[in-house]
Each structure stands twice: as C-alpha cells, then as structure tokens.
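Paired with subunit B in one complex and with subunit C in the other, subunit A is shared by the two complexes that follow.
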Partner chain A sequence: MRMDRKKLGTILVVVSVVLILMTVYLAVFFAPLPQTGVKSAGEILSSVEGSKLKVAGFVSAVYSIHFGMLDGPDEVIFSLADFRDYGRYLQANATHSLNQQWWTVRPIDIKSISGGLNPRMGPNLGGVIVVGANLSMDGIVTSNTIAPNSNVTGFSLSSGSGNDITFGSVGSFGLMTAPVAQKIFYFHMPSAWACYLSFGVTLVGSALFLRTRDHKYDRVAYSSAEIGIVFATIAITTGPVWARQEWGVYWRWDDMKLVTTFVLWLVYIGYLSLRAAISEPSAKARVSAVYGILSFITVPMSFLSSRVAPLLQSSHPQVIATSSGSLSPQAGMTIGIAVVAFTVLFITMLIKRVEIAEAEEELEELKRKIGDEE
Partner chain B sequence: MMSDSWTALYVAYSIVWLGLFSFLGYMYLRQRRIDKDIKMLKEEVSKHGK
Partner chain C sequence: MRAALIIAAKDLKVELRSKEMLSAMFLFSLLIVLAFRFGFSNAVNSGAVGLPELASSALWICFSFAAILGMYTSFAKEKDRETLDGLLLAPVDRSDLYLGKALSNLIVVFFVDLLSIAFFALFFSFDYGGQALAVVALALLGSVTLVLVGTLVAAISVNTRAREALLPILLIPLIAFSVIVPSVTATKNAMVGGIGDSVQQIESVAAFAAIFAVLGYLTFDFVLEG
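What follows is the complex of A and B.
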C-alpha cells in the first residue's frame, strides 16, 4: 500500500511539473496580453488618490486652454469620457441631441500642464484637444476640484507633462494591450483557486472527523490547511506586484476582495496557531475541526467579494463566470491548464503532507512507548 | 513602463516558484528528519526489548 502511494506520488510529481512548465511556456509565449491595461475614464473613479494610471477615452468637454501665456506653464483642462459610450455620443453629437439623453458614464476631469512644446501634440495643442478627440494618457489621481465634473466625482487626473498624452484614431485605445505584467494572472488566479480548494478539503476533513472521530480525517484537514496557506501566500503576494502596475499602488484597504482574502489568510494562520497551542491530541483535533468548519466562511467571502462589487467596493478583476468575462481561447486554454496544474500539484502535496503527518504520529507513539518503558 | 512590467512579471513568477519549492523542500527535510528519528527510536526500542 505504502509502495503504491509512493508510485502514485512520483507520477503526480512528474505530471504536475510537466503541467506547470507547460503553463509557463503558454503564459509567456502563447497566451495574449489581456486587454485591460488601459483604464477607461469611468473606471478611474474607483482608484486611489495618488496612484498613477493610464487612462483612455474621448474628450467630452474642454473647459480651458492657455498656451505660452506670460506666467505659468501651458495648461489644458478637459473631460475624458468612456469609449463604451462613444458610438452613442457621436450619434447624439451629430443630431445635436447631447442634452436630451441620459449619460451613464461619469466623465473624469483632466488637468494637463505640458510645460512647453510637445513633439507628439505639435505646437497647436488647442487644435487637438477638441471634443471627440481620442487620447490616452498617464496621470496621477487627485481629489481636488479643477473643473465642473470634479464636483460630481470628487476625483480628477493630473498630468505633469503633456508628453504623457498620446492621441489616436477613433476607438484605437480601446484595443490597446496591457503591460506584460498582466500575465501574472496566469499564476495568481490558479494559486487562489488552489487555496480555496485546500480550505474546502479542510472543511470536509474537519466535518468527517467530527462525525467519525477518525484521526485520518484530521490529518487530511490540517495538512490541507497548511498547503492552502502556501497557495494563499502566493496569491496575496503576486497580487500586489500586479496591482502596482495596474493601479499604481501595492495594496488598497478599501478594496473588499483584497481585505477579505487577507482575512482568510489570517484566519487559517490562526487555525495552525491554534493547533500548535493545544498539546492533547484529541482535544487538538476536536477544537481545530470546529475552527476548520467555521473558518470556511472566509472562502466564499473572499471569492464573492469582487462579484458583488456594486455592493462591496472592489476593483479586483473578475474573470470567470461573468457576462462580461471575455478571455480569448488562447488565454482560456492557458488558464485552464494552469488550474489543472495547480490542482494536481495540490493533490501531490496533500498526499506527501499526509504521509508526513502519519510519520509524525508514529514518531510520537514511539516516544510515548519509550517514555512509558522508562 | 514596459521594463517595469517585465520586472513585475519576473518578480511574481519568482514568488510562485520560490513559494512552491520552499514548501516542497521543507516537506522533504521534515520527512527526512522524521524518518531518521523513527529509525533511531526503533533501534532503541528493539535494544530495550532485548
């Protein structure tokens, strides 16, 4: 039996290594960059003040322009609105019915101080920043009021240099690909999945232990929790690396997805600490089984927090099972293989960890035996 | 921006590998230590038995 398990373990190790190497290859060379790198003007509102962002949209209003005046740098104040409403906007503009329609997107005000001649804009900036112009730009989120829309949103984007603005043809920035850091997703998401799966196994193991009082279920439960913490740690450390690129900040305490996942991580650290604090084996198993069941509530809390974003503020991307989920077939295949790879890796680790747990118990038993004899 | 993006990708992938291999290494060392202890104690038990 032990031999069979060893054989199975070796096969699983080989399979998971092959699958993970395959995922790396697919993620780096095959899967496309997810097209979410440019934020639309409307989405900027969920960003943190002080974060650096790249936004794209169409100019929906121009408030003031002055160039090369006697004092101060060149300055333009305008509003940028979402591409998603661009078609309707063009139609409404053509029929002079802009004021007769409801506009669901909230434009964001931009203050750009170019500080001199900009090669990409040309000398006549005023001729380019016109209503309907398409542009993408880098800027810092500020909460000061600079133009009428800021009174509504409370946020604006400030650009210190006109060089941060790039003009494009109609809708061209909507297809702009994200920075390559988006590919972190191909490992971040499977890690999160493996952590949810691990804690799910802890839940089942704990419930079965309480029902049967068989310690093999307790071994499975805590072995799985330990592995789950490894995957959760990977997920919550790779996430901020991506967030720094995408949001301009490593962490956001106002984002429910991040906070609930951090709580999940802490709760399971607590699970292992609790086990370490109790020395009597059956009390340890019993108490941690109850804790293992109760703590599972943090898993749906973390998983669902970005899906109920309108209720709970979160700008964490949702990828699977949403109507707006738009993964390309290549990206879908890569993420599918990554999920299978991490699942197989989890099973491999669990088998090995349970084996160690059994050996630990055998060791304890031997120690007790020797202690009794002495 | 692009180079930052690549750096972020390398850092994140390193975290993944480091995390996974550290845990696998920890499990390997733990198993080895326990096996060694068990062997030693078993020898002791058999000596006492004799």
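What follows is the complex of A and C.
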C-alpha cells in the first residue's frame, strides 16, 4: 500500500511537471495576445448600438474648437484618460512611459457644446471642465448613421439631457494589443483558482476534524492551507507584473479584487501564526480548525469581489464598460490546460505535504518513546 | 438564552465593580482620537482632509481597536484569574456562553463607541448636524458584527502563547471588509446627510453579523473545550 502511494506520488509529480511545461509552451507560443483595451469606433458601434455605456476617467486635456458654420457655437472637446490619478498621469507623461499603455496614449475625445455642460459630468465641475477632474458618465449609444467597420469618424453617446458625447476619430482610439505581460494571466488566474481550492480543502478538512477528531483531517487542513498561501502569493505577485504594463501601476488600493485577495492572504498567514502559537497538539488542531472554518469567508469575498463590485466600490479600469470580451479559442484552450495543470500540481503538493506531516508526527512519537525509555 | 443573559449580567456586574476594562478602553479611545487630532492637525487645518471623511475613518479605527482591547480583556481576565474553568464547569450550553460573552462585550464596546463619538465632536469641533443618531445606529450595527466575530476570535487567541499579539493578527483581516470598509462608507454617507445611500453597506454588515453569529454559535464549543 505504501509502495503504491509512493508510485502514485511519482506519477503525479511527472504529470504535473509535464502539464506546467505544456502551459508555459502554450502561453508563450500558442495563445495570441488579445486585442483588448481599446475598441475601434466601428466595432463599438456595431456591438453596442442602443446599449448603455459608461465612460469614466479623468480629463487629460481640454480644448475649444469652432466647427462648421461660422456663427455656430464653439465646442469644447476634452480627452478622457483612465488612471483616476492625474498626478501619476503627469509623471508618466513626463518620463515618456505612456507608450502602448492603457488609454492614456490614445484618450477618448469627448465633445460638448461650450457653455451648456451637463452638470452630470461630475459633481465638482460646476459647469467647467477642469483638467485632472474625475469624470464618469452613463449614456446610451444613439448614433447609427455610420456603417459598422467602415472608416468611421466617431459616434455619439446620448447622456440623457441634450449634450451628446462624441467619441473622436478612429485614429484616436484604435485597436490596441495587450502588452506581452498579458501572458502571465495563464499563471495568475490558475494560481488564484488553486489557492481558492486549497482553502476550500482546509475548510472541509477543519470541519471533518471537528466532527471526527481524526488527526489525519487536521494534517490535510493545514497542509492545504500552507500550499494555498504559496498559490495566493503567486497570484498576488504575478498580478502586479501585469498591472504595471496594463494600468501603469503595480497596485491599486481602490480595486477591491486586489485588496480582498491581499486580505485573504493575511487571514491564512494568521492561521499559520495561530498554529505556531499553540504547542499542545490536540488544542492546536481543535482551535485552528475553528479559525480555518472562519477564515474561509474571505474566499468568496475575494472571488466575488469583481462580480458584486458596486457593494464594495470597485473601480476596475474600464473606460468603456460593456460586456466582457470573451477569450479566443486558443487562449481558452491554454487557460483550460493551465487550470488543469495547477489543479494537478495542487493535488501533488498536497499529497507530498501530508506525507511530510505524517513523517513529522511519527518522528515526534519516536522521540517521545526514546525519552520515556531513558 | 436565559443562561446567556445571566452570563452577560455577571460580566457586567464584575465590570461595574472593577471598571478595569471600561477605564482602559475609555483612555484608549480618548488617546486614539487625540492621536488623530495631532496627527492630522495640519491636514485638517489646511482643509486637505474633510472632517466627515476623517471622522468616519477615525471613528471606525477607534471602535475596532477599542473593541479588540475590550474583547481580549474579557477572556484574558477569566483565564488569568482561573475563573474560566469555573465558567466552563457551569451547567450551561457553550453556545449560551458565547452569546452571553458577546452580549456583555457588545454593551461595553458600544458604550466606548458613544464616548469616542463624543470625543471626536469635542476635539475636532465637529458638528454631527442632526445625523448623530444615524452615526450611533451605524456604530451599534457595526459593533454587533465586530463583537460576534471578535468574541470567537478572542476565545481562540486566549488559548495561545502570544495571545495579545495574536488577536489583532487574527481579527483585523476578518473585520476589514465585513465591518470596517462598509461601515466607514455608510458613516461618511450619513454625515453628509444621506444614510439612504448606504443600504447595500448596511445590508452587508448585517449579513456578516448573521454569518458570524451562526459560525460562533456552532463552533464556540470546540474553542473552549479541554
């Protein structure tokens, strides 16, 4: 039986190594970089005609233009960029590090008739557009005068009270390719999944331990928590690598997904500190099982934070928030294999960690026996 | 349930006689509000930080830390005087013990909340402007959630070696999003006049109170056993 388990362990190690290598290969050479971030006016026009759009960001530039008729009113055009932080934008602009980054390179131009600014454009504006001010507007796409995918010049977003918001020319917000750091997604998302899974196993192990008082469940619970912390650490360190490229910053404290995941990590660090602070084995198992159950509430909090965002005031960088784009088939396949790879890796690590825990306990037992004989 | 009330009454009686916890928490909350007064004096005087924003955050930091201190003491005291064993020998359900402890903690914590709210008005010359009742109600709601999870975690930490250091480590991450973040938002909304904007936050705090109550009720037994 023991021999079989050892064999199984070896097979699992080999399988998980192969799967991880496969994921690396697929992520690097197979999955294409998605065309994300900015959509062309034609694409948006055909897909969201009549639907609701939200534009949000800060005003990066304001200029006044006189169009068409000589006696017509001046129009104010302002560019909206999404950083929510004007100081950071200026800094990035000064160091020329804005290339190929989120919206700031090619901001949306929003046109408005001068003098008649919609008060809904921002509570602090008071009718004047201030550079650096945060703006967010909801509206319904109304213009359908331009054929989809043609060389359109723009479309307008009806904001509900007369002033249409006009998006600039195609050139000012064309299709953009995600930064190459996007590939880290194939490791980021599966490790987040693996950490949720590990903490789920900790929950089940803790509950079973309290029910049966069988220490094998306690071993599974804390082994799984340790592995979960490893995966959570991978998830919260790979995220910033991507975020630096995509958002221009490593971390956003206003994004609830990031913050709740960080808290999740802290809670399970707390779980391990709790175990370290109790010496008596049965009390350690009992008390930490209760905390292991309690800690699990942070898992749905982290998992759901991007879904129930309004409750938690999430402000993910979505200048145009429509339904999320779906993955290409190649990317879908890669992420599928990556999830399988990380799941197998988790199972392998769990089996190995439980074996170590058993060996440790056996050693303690032997030490005690020797002590008794002397 | 009756047992829970008796335990809470016993705790409060002990507290009223010694006033140990109350006096410590009173000074503690006074000092936290003062620390904010000194620490933020430039920001407040120059108007860089709005008082409602500062008040909501400062109050909740104050409530949380004072509650941690109080809940820790309520168990540490029993443990140190070896009265915890007596309490465990009492022929009552452990779950009632949990409810009783939570109730007595809530009363003490809420009393300190009221003091902090008053201290804030005093030191920052802040006028709650008719919203004081809403702020108090939110403090009570948040404290219920805080105490329900805190009592359980305090009982967990009292069993450990580094118990006073461990309680904040174990508790703060759990209350960060269940109590502090939504309560701060709701309190700020209430101060600028619209408690109606915070329905979601209030619902969320109340939902966590229910979750923690159920978890505490079911698992408290295991924490204090043996």
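Rule of thumb we're sticking to: the second predicted complex is superposed on the first by the 223 of 374 C-alpha atoms of A that agree within 3 Å, B and C clash if a C-alpha of one lies under 4 Å from a C-alpha of the other, contacts with A are read in each partner's own complex, and residues count from 1 in each chain.
Operating definition for what follows: contacts are C-beta pairs under 8 Å (C-beta built on N, C-alpha and C of every residue); 3 or more make two chains touch, one makes a residue touch a chain.
It should be emphasised that the depicted structure is a prediction, and the values quoted were computed from it without experimental measurement.
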Touched partner set for A:E362, first subunit B, second subunit C, both or neither: first
Touching partner for A:V287 - first (subunit B), second (subunit C), both, neither: second
Touching partner for A:V263 - first (subunit B), second (subunit C), both, neither: second
Subunit B versus subunit C as contact partner of A:L210, first or second or both or neither: second
Which of subunit B and subunit C A:I278 touches, first, second, both or neither: second
Which superposed partner A:T298 touches (first subunit B, second subunit C, both, neither): second
First, second, both or neither for A:V15, with subunit B first and subunit C second: neither
Which of subunit B and subunit C A:K183 touches, first, second, both or neither: first
Partner chain(s) touched by A:T237 [first = subunit B, second = subunit C, both, neither]: first
Subunit B and subunit C contact sites that coincide on subunit A, given as residue numbers: none
Subunit A partner contacts - residues on subunit B that touch it in the complex: 1-2, 4-6, 8-9, 11-13, 15-16, 19-20, 23-24, 27, 30-31, 34-35, 37-38, 41-42, 44-45, 48
Complex contact set, residues of subunit C against subunit A: 149, 152-153, 156-157, 159-163, 166, 169-170, 173-174, 176-178, 181-182, 185, 200-201, 204, 208, 211, 215, 219, 222-223, 225-226
Interfacial residue positions of subunit A with respect to subunit B in the complex: 24, 179-181, 183-184, 187-188, 191, 227, 230, 233-234, 237-238, 241-242, 244-245, 345, 349, 352-353, 355-356, 359-360, 362-363, 366-367, 369-370, 373
Subunit C contact footprint on subunit A (complex, rising order): 210, 259-260, 263-264, 266-267, 269-270, 273-274, 277-279, 282-283, 286-287, 289-291, 293-295, 297-298, 301, 310-313
